[in-house]
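Just dropping this structure here.
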Amino acid sequence: MSRSTGLATASALLLVALFAVPLVTRNEYLLALGVSFATFAVLSSGLNLVYGYSGLLSFAQVGFFGLGAYTAALLMTELQWSALPAVVAGGALAAVAGLVIGYSSLRLSRHAFAIVTLSFALLCGIVARDWVSLTRGSMGIPGLPVPTVGAWRIARPADFYWLLLGYSVLANTIIYALVTSRIGRAMRAIKLNEALAQSQGLDPLAHRLLAVTLSASLTGMAGGWFVFYLTIVDPSVFDFYYTETMLIMVILGGPGHFWGVLVSCAVLTVVPDLLRFTTDLRMVLYGAVLIVAMLVLPGGIGGWLDRRRVERWRRIAYGSPR
Amino acid sequence: MKPLVRSVTGVLLTLAMLGAGAQTGAPIVIGASIPLTGGVSTFGQHSRWGSELAIAEANAAGGVLGRKLEIDYQDNRCNPAEAVKSVTQMIAEKKYVAIFDGLCSSAALAIMPLVERAEIPFVVANASATAIAEKSGVGGNKWTFKVNPTDASMLDALVAWLDKEGKAANIAFLGEDTDFGRAGVAGLEAALKKRNRALASVDFYQKGTADFTTVFAKIKAKKPGLLALYAIDADFQNAMRQWYAAGGGIPLTGRVLVDQVPKAIMASGFLDGTTSVQPYDPSIDTPGNKAFVEAFQKRFQTAPILVSFEAYETTRVLIDAIKRAGSTEPAAIRDALTKTKYPSLLGNTIDFDDHNLAHNNAVILGIRGGKVVVLGFSKT
Amino acid sequence: MDAAFFVQLLLNGLVLGVIYALIAMGLSLIFGVLEIINFAHGEFYMLGAMAAYFAVERVHLGYWATIVAVTIGALCVGWVLYEALLARLAGSGFERSILVTLGLSMVLQNGAVFLFTTTPKMLQTADTYSNVTIGGARIALLRVLALGIGVVAYAGLHLMLHRTQVGRAMRGVAQNRDAALMVGIDPRAVSRLAVVVGIGLSGLAGAALAPVYAVHPLMGFAFVFKAFAIIIIGGLGNVSGAAVAALALGVLESVMGGFLPQVVVDALSFGAMILVLLVRPQGLFGRGVRV
Amino acid sequence: MTAPLLEVRGLTKRYLGVAAVDDVSFAIDAGGIVGLIGPNGSGKSTTIDCLSGFQRADAGHWALDGKPLAGRPAHAVARAGLTRSFQTVRAYDELSLIENLRVAAQQSDGADWWQALLRTEPLRTHEAASRARALELLTTVGLERYADAPAAVLSYGQRKLLALAACMMSRPRLAIFDEPVAGVNPTMIRRIESVVRAFNASGTTLVIVEHNVDFILNLCDRVIVLESGRTIADGAPALIRSDPRVLAAYLGRSGAAAMLARGQA
């Protein structure tokens, strides 16, 4: 009990501090890092919900991200929608895509899911580049309008920082509420032992579709907000290297460990930039980390803590009884 | 926990850097955001070499305003998100007097709003999208300057030339589905439209495609007079071999990298009749270019390509502006840039129009008798 | 449209199909026996091509000598790959194996970019520019050779899986691991062999195609996703299925490409794959190396 | 005589044309403990896999309390009030024992996803109740001191106990235990036996599939015997002991010999 309240106060304080950053510094680079962290926090938590809690390896996250981004951008530039509905529509479309992908592949197997999501992400890239009449092709859509939410005109970096941080907090709260609820418990149960879960009345398909769809919509909306910050959307939002980055964040933080993934996300957004790794070396390093993590500690840092817990109990159980 | 600590200290370091402004005596630093990794890193490398050479020469000549010049490169892997991050970082560090290039159009377009807000000059050397110039100068962004000509203007010159030779009638187009290819087809179609003509056929391929046999068979079957080929790097090399293997000897046009055609194919005369337009070719016979090619060869053991030239000349334009500005105040440099009268290696004088767009000469190149020949220059 | 045009499209398609098959068969074999989708497969094709390039340019080996040397090298790499990585993954889950091989591909691809840069390397042999003409259609000689190599590789694989003890064992393990265990087959030895052969094939593909295509670190990336689609269309773990699917896809792409925009052709493989996934899924993940 | 709790008619399952379960019919009344035995490959596992929805039967109807279950997916069967344990002991290793049990109950209280997400009042009472229920069951099976330990720490026998407890969480009408004592030591067998009696006493009808014939004969008040997919005997343990077809089915098997010996004794 006290531990959870401590965690709550700690995260509350951290949030206040994060939101206060633009008030104490006008260093736009810090804000840019903040924006990048806030965005990736949604992406990696979304992937964590699907892979970590539901055990489904999804390569489609980057597809949802770009789908939301393009939808929002096109609705605002072509149909003069205002920002909020445009972004929500982006999220909705991503959710539909997630539902269709999930339903068509999950009836078959987790293998099919992994491969279908992969092709979905690749197809998104092809469409973005080659369906010119719709997406304007590789030129992308530059000079996106400044979004306004109500009376708030989101133009300065500080505004975008607050916007994306705010959205990220919202999205992560939703995910946190879900995974700590008994639905999350059921998702883990299904991941840990599908047959047993079924024998206890849990419907695997329904829970998995919930995870995929929710994660898709949250990721899609993140894409929508993020491209307004970039002021341009082009096919590189589907860059496979985003997928690799998301994966490494989840794997390192520990699949199925909410806080672990957020921490590794923070570390991996901030550190490489400050150390100014070139992307090549960064990806070589990430690849190596991925291999080692998978072979040595498949559960990531979070999983390692879990095993410590088991060991402690083993000592209680087979050591001296109370 | 340790990495967290490290990141925090890192953040503090960046904060500290804010204090250290550019006091006199310290070098004048230019920030460059170019792809050093990813699919187009080859060009990033050449852009880097070109600008490095220009800086080195300026320093050898005693620097600028009595201070040494420096240029820092950051990787943007041709991705707007990375471009924004890298440039925001450079702007935040305050020590940079100007931002250089971006190389990819999408990256450059993403950088433009940043430099406008930060009020720091941004010189574009390679990005080809016309949108860049449209949005600059009277187009709104007073801080962006595009030194390389837009495809539209170059292709208009090319088509004029082809029309004169009576070859504009039956041109097929094949290009990569990137801004390079899209800009190419847009430029050609516009230029042909002006002369009541159109392209015989238009095809795109995914960048990174290794096999062109199919699309080549299709194009050959249409028996075009010329093939406008927009391929670069590995794709171009693959296309060359397979176009040769396909036979039929249909010459090329568009922005063909004539200097990268495999020697054997060049010598065979297979591509004779090819007419290409480029902002540059190493074989251009002016004293300035001769000296540049020689210096580049000597320094990097490889011949310069278009990208390296554009980077070189753009950097020199920037240095010239800093000289004339007589200070490293961004506004002063910008005003100096607008008044640029820079003698290009290609002979003529570079100055910016009211869209901050320079109109250097384009060179019309041909392959005749198994050799590259400069057919002439044309104002863009 | 004249006949020569069709012949041209057909021949191009056949060559293309065999090239796909060279890469897809190994992928399919490895999945059949280990139930691992090797994400790094394309990188081994790339490394094979790189090796061939340096063998010719630096060591001045001949065409055939290079192919033999590189293939042998690839076989060894396969052995190391199995012992160092894949053996530890035995039966520990599909997702995990994907992530490990994905990590491997990240290391190899970006490492190669770092070492060799993305500048394309053009391997020049005496025959680079020689062509053969069949029924008014022109094909580069080296492509015809690649086609021959592909056919020989397929025949060899077929013989190994059917006529040899290890081959039968391999199919046994693929069809039913437990049963194979009972009859005393060592699944570890069989898996090792599957990986060795699979990687060997991709190395062979790299060597055979190095003089055909520009050699650069990203060359594997373009092929491997198509190879995924192919092995699914052919039925995962079904080597013949993969070979047939590859050939069909090559010809289909070529013929369609003769009339339709290229992007449609690029999307074709994915479209076909998703269709197959929806129409006859049960066959797809059915185990068993059938040749 | 009231309607039977579980009624099975003409259950048939074929593999590649060969019938593993061939037109099996039986009815089970509420209240008792029914044993289902038979030599290897007699179709016991296939039968209960079909009944619990883990395998699709080729023919047959069965109903629980008159509710038809044929063709329903496994989770629907469980919600209808028929739970089962597995031969290969299954548990959620990473979850604590309490959580293991609460998961098993959460579908039965009818609270939907919104209530779960927003933790509305009815849900909180449900969860509190299920926690109490879980502790009570853990006490019954004697694992209460590990309530908050991850299931991974349990021994094989303890896992079997946990699995049985999980079957009881949702207060099912009928629970099927698949080989509850296979591979556990005699002490544990006695413990499991008492647990099973306790569960039955708490009002749940039980079906027990076992190889260990003594266990069945001691525990059950009715035994159904399958051989090669057909019912060959059905009745009180005493009758089964002396049924010639059963003896034939088990003839030569050490288990059968031992059983005979005890039968005479």
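Points to keep in mind about this one:
Order as written gives the chain letters A, B, C and D; numbering starts at 1 within each chain.
Definition applied: a residue touches a chain if its C-beta (ideal position, glycine included) is under 8 Å from a C-beta of that chain, and two chains touch if they have at least 3 such contacts.
It should be emphasised that the depicted structure is a prediction, and the values quoted were computed from it without experimental measurement.
Listed by label, the chains touching chain A and chain D alike form an empty list.
Set against the Cα centre of chain A, the chain with the most distant centre is D. Chain C has its Cα centroid 37 Å from the Cα centroid of chain B. Per-chain CA centroids place chain B at a distance of 74 Å from chain D. Work out the mean CA point of chain A and of chain C, and you get 33 Å between them.
The set of chain A residues touching two or more other chains comprises 126, 130, 279-280. Within chain C, residues 110, 113, 263, 266 each touch two or more of the remaining chains. Among the residues of chain D, none is found touching two or more other chains. Every pair of chains meeting the contact definition is listed here: A-B, A-C, A-D, B-C.
Across the complex, chain D meets chain A through its residues 52-54, 73-76, 78-79, 83-86, 90-95, 99, 102-108, 113, 116-117, 119, 127, 145-146, 149-150, 152-154, 166, 169-170.
Chain C meets chain B in the complex at residues 1-2, 5, 8-9, 12-13, 15-16, 19, 110, 113, 117-120, 122, 124, 128-129, 131, 138-140, 143, 212-214, 216, 218-219, 221-223, 253-254, 257-259, 261-263, 265-266. If you check the complex, the residues on chain B that touch chain C are 37-42, 45, 177, 203-206, 208-211, 213-215, 217-218, 221, 233-235, 237-238, 241-242, 244-247, 262, 264-265, 268. Those residues of chain C that touch chain A in the shared complex are 37, 85, 88, 92, 94-96, 98-100, 102-111, 113-114, 225, 228-229, 232, 236, 263, 266-267, 270, 273-274, 277-278, 281, 284-285. Residue ranges on chain B touching chain A, taken from their complex, read 3-4, 6-7, 10-11, 13-15, 18, 36-38, 74-75, 77-82, 84-85, 88-89, 91-93, 105-106, 109-110, 113, 118, 129, 131, 135, 177-179, 181-183, 204, 206.
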